[in-house]
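Going in written order, the chains are labelled A, B and C, and every chain counts its residues from 1.
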Amino acid sequence: MGKNSQVIFHTIFTGERLLLEVTLIYGFINSVILALVALGFNLTFGISGVSNFAYGALYILAGYTVWILVNQVSMPFAVAAFLSVIATGIVGALLYRLVLLRVRGQIISEVIATFGVGLAILELFRFMGFTGFEYTLPPFSDGAILIGNTYVDHQRIWIVVAGIGIAVGLYFFTHHTKVGLAFRGIAQEEKTALSLGINSDFMAGLSVAFGSALAAVAAILVLPRGTISVNDGYEVLINAMAVCIVGGLGSTPGVILAAFLIGYAQMITDVLSGPHWKMIVSLVAIFVILVVKPSGLFGKQKELEERI
Amino acid sequence: MAQKRKERIDRGIKVRAEDIFALTSYREMLYIAVPPAIPVVLLAVLPLLLPAYWQKVFISTAIFALLAMSWDFLVSVGMVSLGQALFFGLGAYASGVLDHYFKLPVWLTIPLAAILGGLLSTLFLLPVLRLRGIYFSMVTLVVPLMFERIIEATGIFGGTEGLTRLQPIGNTWLELYIVALAALAALFGFRRLMTSDYGLVLKAVRDNDRAVMGAALNIYWLKTQALFITASIGAFCGAYMTHLYMFVGMPAFALDYSILPIASAVVGGMGTFAGSFLGSFILVPLSEALRGIGGLRTVIYAMFLVVFIVALPEGIFHYVQRKYQQFERWVYVEK
Amino acid sequence: MHSENQFEKILDVRGLSKRFGGVRAVDDISFHLYRGELLGIIGPNGSGKTTLVNLITGFVTPDSGKVIFYDQDITGWMPYRIAALGIARTFQMARPFTGLPAFKNLIIPLYSKRVRKLLGGKYGDRDSVSKDLLEEVGFERDSAVITKAAGSLPHGYLKRLELAKCLALRADLIILDELFSGLSIAELASILPIIEKLLAEGKTIVMIEHRLRELFRIASRVVVLNYGSVIAEGKPAEVMEKDEVRKAYLGTEE
């Protein structure tokens, strides 16, 4: 047991619940971040059935775009952010039009092709030298508020507020709007969707664009916490996939639950043993879910039952 | 009005070569014998001609050819692995550990690591085999990247520094020819396997696994077997490289080991094994030659990958094979 | 139900039920199957016929109920275990192994442990056995059809190929899901004798069919489904007289 844990127990038993409070609050924030990141991936891939393994790259692309617009074109942050979200959505749509459309239906090719594009984008940024401490995004507002005995900076509050808003919004979107329902339709029964007049290709493209835009929004919210790093692109993809695997591809509540489970587990291991073990938590989570319920917590795949 | 149209016809020599009377003619026999002989001759002769630096590249190429061919094999069964690096890394670390902590000799660590790596990978991926194929791809992508970070975080097995001063393979000629032999064995072995009845059954699993189950065959066991074969080959590659460089570290799980084999197979031609072989003999030396431009290499082979899979999915080998066996001509068709 | 004791009961389906979401696809279905008979399963579209077959052959797990084959409870078994016992089925959407030539399609069932066990050890030449089997179902021997890529076979041949796959498995119970659909009168005329020959060889056959006239020529009994339940059972002529059956197919006169 690390020294940290001894401190926790000591402080808990002496009545100072500071560390517990910190864990609870920052664990929540961590979970929301994971959920934010996973939801965009889930929208395109889990819900609409279109692979987009360039997701992490799009996240970073959005971040760098804002940086370039703010620092080299001197745009005000809000405008830059807005443009970046639109631009990333367009890149997503282009990705669909130029690449995915040609390999639609062959999942193997979809995955490989989008992953290749993502890889190219990320490594291009790395090659062009976008590494270093100067690459940061400004937070929405400076300052911190006090929750109980813990200081939480404003940016993190924005993340939580936006995160909850997006999660709720997504749920309504996919269950109660025409477009959202269409997204689900094309994944489940493409032919039926087509016969109902849903333009499957257009919808799929739209879902990739939406998912990409979501990635951009997540980037703008989360990146101000530190520097933009190319490796984050891979990290985002890994985390998004881990959360979706654990929560069950396609299930928004499942993804959110998984984000919280993993988010808190990560926070607790961070406090007890240090930040390096975060990845282990994700790996263990994947392993456990694969053994216990492979299709994910709320997974709708039911592969084991319907062998058809 | 007559319309032009392209027509593809088997070449005369191909048709003649398929006949038993081909045995009476040198030209027909050469037509059949030369293509398989090319890789054999290439691999036998190149090590003798290349300077030391390029010999190491040769070995790398053979290793990537093995990774690419085993990837191709797994795709034939319907599983797309985005993480050859997982098998490679597990094998690399297995042999490193067997060497460093147990002091086993090289001729023991490599085969043991191959089997151990294969077993561990298969066991880990077992739960995913019952799910939709995409889960397999996702898990294989994510797991090696996680292992990389875990080793960095926990410092086990040497952590970020890795395990050094491991035993070498020894003889340069052994280094070159063992891997060359392995690559050739894989090339001809896989081709033979896929035309056998067992290979047909495996391909059927990809085509229509429901029908295979209805034919009283346990598809999960079949998939497990295929996975074990690929994982063991990948682990062999990792173990080999560990002893070649006398070092194993986090880079054993690097994305490169997952991407380059896929790029080789896609560029060379999926499904043919000769394509994967060809692809790696193009991309790996190319990548070495372009060493100067550093990170841009990954961008380039990522682009190759995307272009080929979207626009030229048949790959180079299929194209070459088609040209070798058939010719095209314009034909006028009466409307 | 009059007793059929002189015939052996090989399949006992008891209270099988399955829901998909809100829909009760199969609702408490029970029936028996006797050795050597040809049982027809009929009913309007969506009455649960294919789901019933999926439940029996293991492709879908039931919510409740049992399936007993001879004395063995096979409820919820994996499809390949059930097939290994000798229950073969065709699929409604006949999809062969498209890349392979027609006769190579049969290699897959021939490769199974069941066939290898039954015929004692390794097969000498699976290719020639496949060709024999294809001939049995009506492929002309030594014709180009046998080596054609299965994906390009005409519809009638595809159906025969599906049947051949069941025969390759050396199945005792063969379940045919809409074998007759899409066949011309001539093709039907040539397939019926093949089925009769199988019955003569002692096989038990279950056929889901919409083409009732042809089915009634060979079926000894039929089970009628509607909305997932059995609404009638018995000899074809008797069953078609029943009101419930007419209503199900033709709708009521109200």
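What we mean here is this: a contact is a pair of C-beta atoms (placed from the backbone, for glycine too) under 8 Å apart; a residue touches a chain by one contact, two chains touch by 3 or more.
Just so we're clear, the structure is a prediction, and the values are computed from it rather than from any experiment.
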item	value
Centroid comparison with chain B (C-alpha atoms), farthest chain	C
Two chains joined by the most C-beta pairs in contact, as defined above	A-B
Innermost chain, where centres are averages of C-alpha coordinates	B
Whole-Å gap separating chain A and chain C, where each centre is the average of the chain's CA atoms	48
Chain centre separation (chain A, chain B; CA means) in Å	33
Distance between the centres, which are taken as Cα means, of chain C and chain B, whole angstrom	42
Multi-chain contact residues (two or more partners), chain C	59, 78-79
For chain A, residues contacting two or more additional chains	307-308
Where chain B touches two or more other chains at once, by residue number	210, 213
Residue ranges of chain C touching chain B (in the complex, touch as defined)	57, 59, 78-80, 83-84, 88-89, 91, 95-100, 104, 107-115, 126, 165, 168-169
Complex contacts: residues of chain B adjacent to chain C	197-198, 200-201, 203-204, 207-208, 210-219
Footprint of chain B on chain A - complex, ascending	51, 53, 99, 102-103, 107-109, 111-113, 115-117, 119-120, 123-124, 126-127, 234, 238, 241-242, 244-245, 249, 274, 276-280, 282-283, 286-287, 290-291, 294-295, 301, 303-304, 307-308
Chain A-facing residues of chain B, complex	75, 80, 82, 124, 127-128, 130-135, 137-139, 141-143, 145-147, 149-150, 152-154, 210, 213, 255, 259, 262, 266, 294-296, 298-299, 302-303, 305-306, 309-311, 313
